[in-house]
Amino acid sequence: MAEIRYEHVSKSFDSNTVVDDLDLRIADGELMVLVGPSGCGKTTALRMLAGLADVSSGRIVIDDQVVNDLEPRDRDVAMVFQNYALYPHLSVYQNVAFGLRLHHEPKDEIDRRVREAARALQLEELLQRKPKQLSGGQRQRVAMGRAIVRQPKVFLMDEPLSNLDAKLRVHMRAQIARLQRDLKVTMLYVTHDQVEAMTLGHRVAVMRLGVLQQVAPPQELYGRPVNLFVASFIGSPAMNVVEAELHRESDGLRARFGPHDIRIDSRLAASRPTLEGYDGRRVVLGVRPPNIEDAALVDPGDTDSTIDATVELREDLGAEVDVHVGIDAPVPALEAVIEATESADATGVAGRPEGIFVARLGPGTEAREGRHVKLWLDPRALHFFDPDSGAALYD
Amino acid sequence: MSGERTPTGRKRPRKRGRFLPYILLSPLVLFIGALALYPTILTTVQAFFTVNPMDPPTRFSGLANFRALFHNSFVRQSAANTALYIVVGVGLSTLFGLGIALVLQRRSRWRGVVLALVVLPWALPAVVESVIWGWIYDPTFGVLNSVLKSLGLINSDHVWIGIGRIVSIVLIELVQVWQITPLAALLILAALQSIPQELYEAARVDGAGRWEMFRRVTLPLVRPGLAVAMVESLILSLNVFDQVYVLNGFAPGGASIMLQTYQISFNNLNFGQGYALSLLATFATMLLSLLILAVVYRRVEF
Amino acid sequence: MRGHSGARRVSRALLITLILVWSAFPIYWALNTSFTTLNGAQSVPAHFMPSPFTAQNYKTLLNSSGGVGNQFWRSFLNATIESGLATVLTVVIALFAAYAFARLEFRGKRIILVAVLATLLLPVYATLIPLYRIMSSVHLVNTYPGIILVYTSGFLPLAIWIMYNYFASVPRELEEAAFVDGATPVVALWRVMIPVSLPGIAATAIIVFLMGWAQFIFPLVLSSDLTTQPVTVVVAALYGQRIVPFTLLNAIGVLAAALPGVIALVLNRYIVQGVMAGSIK
C-alpha cells in the first residue's frame, strides 16, 4: 500500500524556481509518468521523492507518512537511474544483491530473490559478469533487477530508456509495463519522450517550467488538452495550430484563416459554449495531423471543411503518408508552442516553420510535392485555444 | 554532469550526520594545524627574534636578523647562486619537458615503455642520483671527461665541480633537471591531452602546416600546463639542497639558499637568522610563482 | 600531426632514442661501474661494458658482516619503515579528508580546503626549523614516530589534492544509488567510493612512498644515527667521506635505487595517472 502525495511542493535554487507548487497524487499501484521538456522540473520532483534533493517548501507524503526529513534509505524506495549507476567493481549478482545485503537480509533469502529477479529479467547467464562487460540493454536490466529485488513501496525511474536504441527502447518499455502490472507496485516514471509517456502511463503528468500543466490518462491528454502547450507536446506529429477568426454564419460557427474558411461541427460547437464569446474574435485553432484527410479519398459531400494547399514535402511512412502543406496563414508564435514542438515532435523537425500544416494521410493519396491538394479537416476534431493565455476553450 | 539538464537538486539533505565531515577532517586539521601552520607562524614570528642557544635568551630584535643576513656575503652569494639554479632549472626542465611531452603525445607501441623510463629519474632519491652523477663528473675517471676527450672537444681532464662557479652550478642543477623534467613532462602532457583533437583538424582544414598548428593551437592552449610546470620547477629549484650538499658540500661557490639556511641554523645554531632567511625565501617563492602565473598562465576553457 | 612520412618516422625514432638515453644513461653507467673492479672502472678511456665483470661489490654488500653492508641495510630498513608507515598514515587521513571535501557540504569547507592546499605552496624552509625544534622538545628526534609524523604532515596536502580530484570524478549517481539502496554516507564511502577509486588511492600511495623514500634534508636534521637514518643520509655520508671505493659506491647507489626504481617501472601507470590527475588546477 503506497500512495504518494506531493502537497504544494516547491524547490528553488537561489532565485531560480525549479518546481513550483506541485500538487500531485499517485494512487497505490499506479504507473504515473512525469513528462515534459528539458528543465521542466520533472527530474527534480523525482529526486525530491527519492530524498536526493531537499524540498524548499511543501510536503511529500508516502503512505500517509511525511517523508521530507527522511534519508533515502529510510523511505523504502528503489530507483533506476538514467545512466544506470551500476557499481563497476561488483558483479551483476553483487550489484543486484547490494541493497539486500545492506538491510542484513539472510543469505539464502538474498540468493532466492536475486535469482528470481534474474530469471524475470533474463539475466541468469550474466550473474558473474562485471558491468563493463555488458551491453547497454543488459545494464539497464541489471539496474531494474537491483530495484525490483528490494520489493520497495515505490519504484522511481529517471529516464531509464533514453540511452537505448529505438528498437530496444520499445522492447524494454513493454517489459517495464508488464513488470509494473505483475508487481502492482506504485511507480513514478520520468521521461521527456511523450510517446513513452502515452504508452506506459496509467496517468500522465505534463510539466513545464516547474509548473504542472495537466494530469490525466493518456487519452484525455490527447483528446482534451487543457492548454496549447499540452496540446502541442502530446501527440506525434504535433498538432497543427493556426490563428483563426471565428464568425457565425447561418449554418453555424466557422473559422477563417488565411484564404481558408472551414465549418465547425455544430455538436462540437454546442459542447463548447465559451466559443460563442469569441464570435468575431481571434482564436487559436488546432487540428491534429491524423484528423486531416485527402479530400479526394473522403466523402466528397462535405466541401465546407476542405482547404486548398500546396504540398511542400511528402514523407512516405509505409502505412501512412505525412504531407507538409503551406496554408498561407500566420502560425501563433507562442513560446509554449515552440517549446513544445521543439522538444516533443517525434518527427524530428525542430519547431514548425511558418504556415505549415502536417497532415497524416492514407497511403492511397496522390498528393505530390509542388502540386495542389485538397485537404479535409474533420470539423468534429477541432481544438480551440485562447490566443493570449493559450488555455483550451471548452466550457 | 549531464549537459542538457540544469543542475537539478544535486544537494543532498543535510539532516543527520552533520558531524561526519568534521570527524573525517579532524586528523587532517590536527596534522596540518600542528605540523604545518603552527611551524609556519613560528617561523614568521621568530624571524624577528634573536633565537640562538649560543646567545640566550630568546628576545625580540626587530630587523636585526634581516640586516645581518643582508650584510653576510655568503648569504648574498648563495642568493646569486640560487638565482642561477632557478634559471637553469626552470628553463631546461620546461624545455625538455615540453619536448618529451610533445613526443609522447601520440599513442604508440613504445609509449608505455618510454613513459616508464622517463618517469624513473623522478622516482629515485636525489641523493642517490647525485652520487651517480658525481661519478660521471669525476675529473679523473668520470665518463664525461672520457667521452669529451675521445670526441676531441677537450684536451685534458676538466674539474667540473668546485672550480668554475657557473659551470659548477649549471652541472649541479643539471642533476636536478634530470630529476624534475619527468614531472614537468607529465604536467605538460596532461595539458596537451586536454586540447580537443577537433581544433587541430579545423586548423588543418584551414590550411595550417605543422609549425603553424604548433604555434597557433598547441602553444597558446598549453599555457596553463606550462605555467604549472614552471611553478613546480621554480619551487623545486629554489629549494635545491640534496644535489648541492652531495656534490659540493658547503662550499660558497655553489651554495644554495637552502644550504645556507641549513648551515646557519644547524651548524651555526643561529635559529633566528635561519627563520629570517626562511621567511625571505618563502616570500621570494610566492612572488616568483605569481610572476610566472601572471605571465605564462592563461585561463583556457573548452 | 600525421607523421606517416619516412623522414618524420626517423626523426621521431631519433627523438625517442634521445629521450631514452637521457633518462637511462646515468643508471646504466652506475650499473656498469658497479659490476667491475676498481681497475676496470678506472680505465682510461672508460669501458662501456664492465670489464672485467665481477659481482664482488654486490657480494660485499649482501654479506651483512661487512661494516658498510650493515650500514647500508640498516638504513634501507629505516627508509622503508619510515616511508611505508608514513604512507599508510597519510593515505588514510587524506582519504577521509578528500571524501569530505569532495562529497559533503559543511561550513568552513572552502576555508579549510584553501588552507590545506596553500600549504602545498609552502617551501621546505617554512617548516624545517620549527619542526625540528618541536620534535626536539617532545623528545621525538631520532625516533621513527617523530620522522613519520613529520613526513605525514608534509605529504598530506599533495595526497589530498590527488585523491580529491579522483573522488570528484566519480559520478555522484553511484553514491546516490547506494543511498537509495540503504547506505549511510560512511557505508557508501567504504563500499562504493573506495573500491571504485582504488587506482587513485594506489597512485597516491605510490607517489607518497617514493617521496618518502627520497627524503633527505628532513632526516638529515631529525636523525642523528643509524637508529633512524634512511638510505639517503647514509649514502650521502659515504660519498662525502671518500673512504668507500666508487665501484662499491655505485653498487650501493644501484641497490638504493632498486626499490624505488622497480616500483616506478612496474607501477608506472599509477604514477602517471596520479600526477596527471593532480595537474587539474
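Each chain gets a letter, A, B and C, in the order it is written, and its residues are counted from 1.
The definition used in the following text is that a contact is a pair of C-beta atoms (placed from the backbone, for glycine too) under 8 Å apart; a residue touches a chain by one contact, two chains touch by 3 or more.
Please read all numbers here as calculations on a predicted model, not as lab measurements.
**Student:** Among all chains, whose Cα centre is located farthest from the one for chain B?
**Tutor:** The most remote chain is A.
**Student:** Which pairing of chains gives the most C-beta pairs in contact?
**Tutor:** Summing C-beta contacts for every pairing gives the maximum at B-C.
**Student:** Could you state the distance in Å from the CA-based centre of chain A to that of chain C?
**Tutor:** 58
**Student:** I'd like to verify one number: the distance from the centre of chain B to the centre of chain C, where each centre is the average of its C-alpha atoms, in whole angstrom.
**Tutor:** Inter-chain centre distance comes to 16 Å.
**Student:** Please report how many Å separate the Cα centroid of chain A from that of chain B, as a whole number.
**Tutor:** Chain A and chain B have C-alpha centres separated by 59 Å.
**Student:** What are the residues of chain C that contact at least two other chains?
**Tutor:** Those would be 171, 179, 184.
**Student:** Check each residue of chain B and list the ones that touch at least two other chains.
**Tutor:** 10-12, in rising order.
**Student:** Residue numbers in chain A touching 2 or more other chains?
**Tutor:** Answer for chain A, listing residues that touch two or more other chains: 51-52, 71.
**Student:** Under the definition above, what is the set of chain C residues touching chain B in their complex?
**Tutor:** Chain C reaches chain B through residues 1, 3, 12, 15-16, 19-20, 22-24, 26-27, 29-30, 33, 41-42, 44-46, 93-94, 96-97, 99-100, 104-106, 109, 112, 115-116, 119, 121-134, 149-150, 152-154, 156-157, 160, 171-172, 179, 184-186, 210, 213-217, 220-221, 231-233, 235-236, 239-240, 246, 249-250, 252-253, 256-257, 260-261, 263-265, 268-269, 271-272, 275-276, 279-281.
**Student:** Quick one: in the complex, what on chain C touches chain A?
**Tutor:** 171, 173-174, 176-184, 187, 191-192, 195-196, 198
**Student:** For the complex, give me every residue of chain B touching chain C.
**Tutor:** Of all residues in chain B, those touching chain C are 1, 10-12, 14, 17-18, 20-22, 24-25, 27-29, 31-32, 34-40, 42-43, 46, 96, 99-100, 103, 106, 110, 112, 114-136, 138, 140-141, 143, 146-147, 149-150, 178, 182-183, 186-187, 189-191, 193, 200, 210, 213, 224-225, 228, 235, 238-239, 241-242, 245-246, 249, 258, 261-262, 265-266, 271, 274-275, 277-279, 281-282, 285-286, 289.
**Student:** Going by the contact rule at the top, pick out the chain A residues touching chain C in the complex.
**Tutor:** 50-52, 71-73, 77-79, 81, 83, 85-89, 98-99, 102-103, 146, 150, 156
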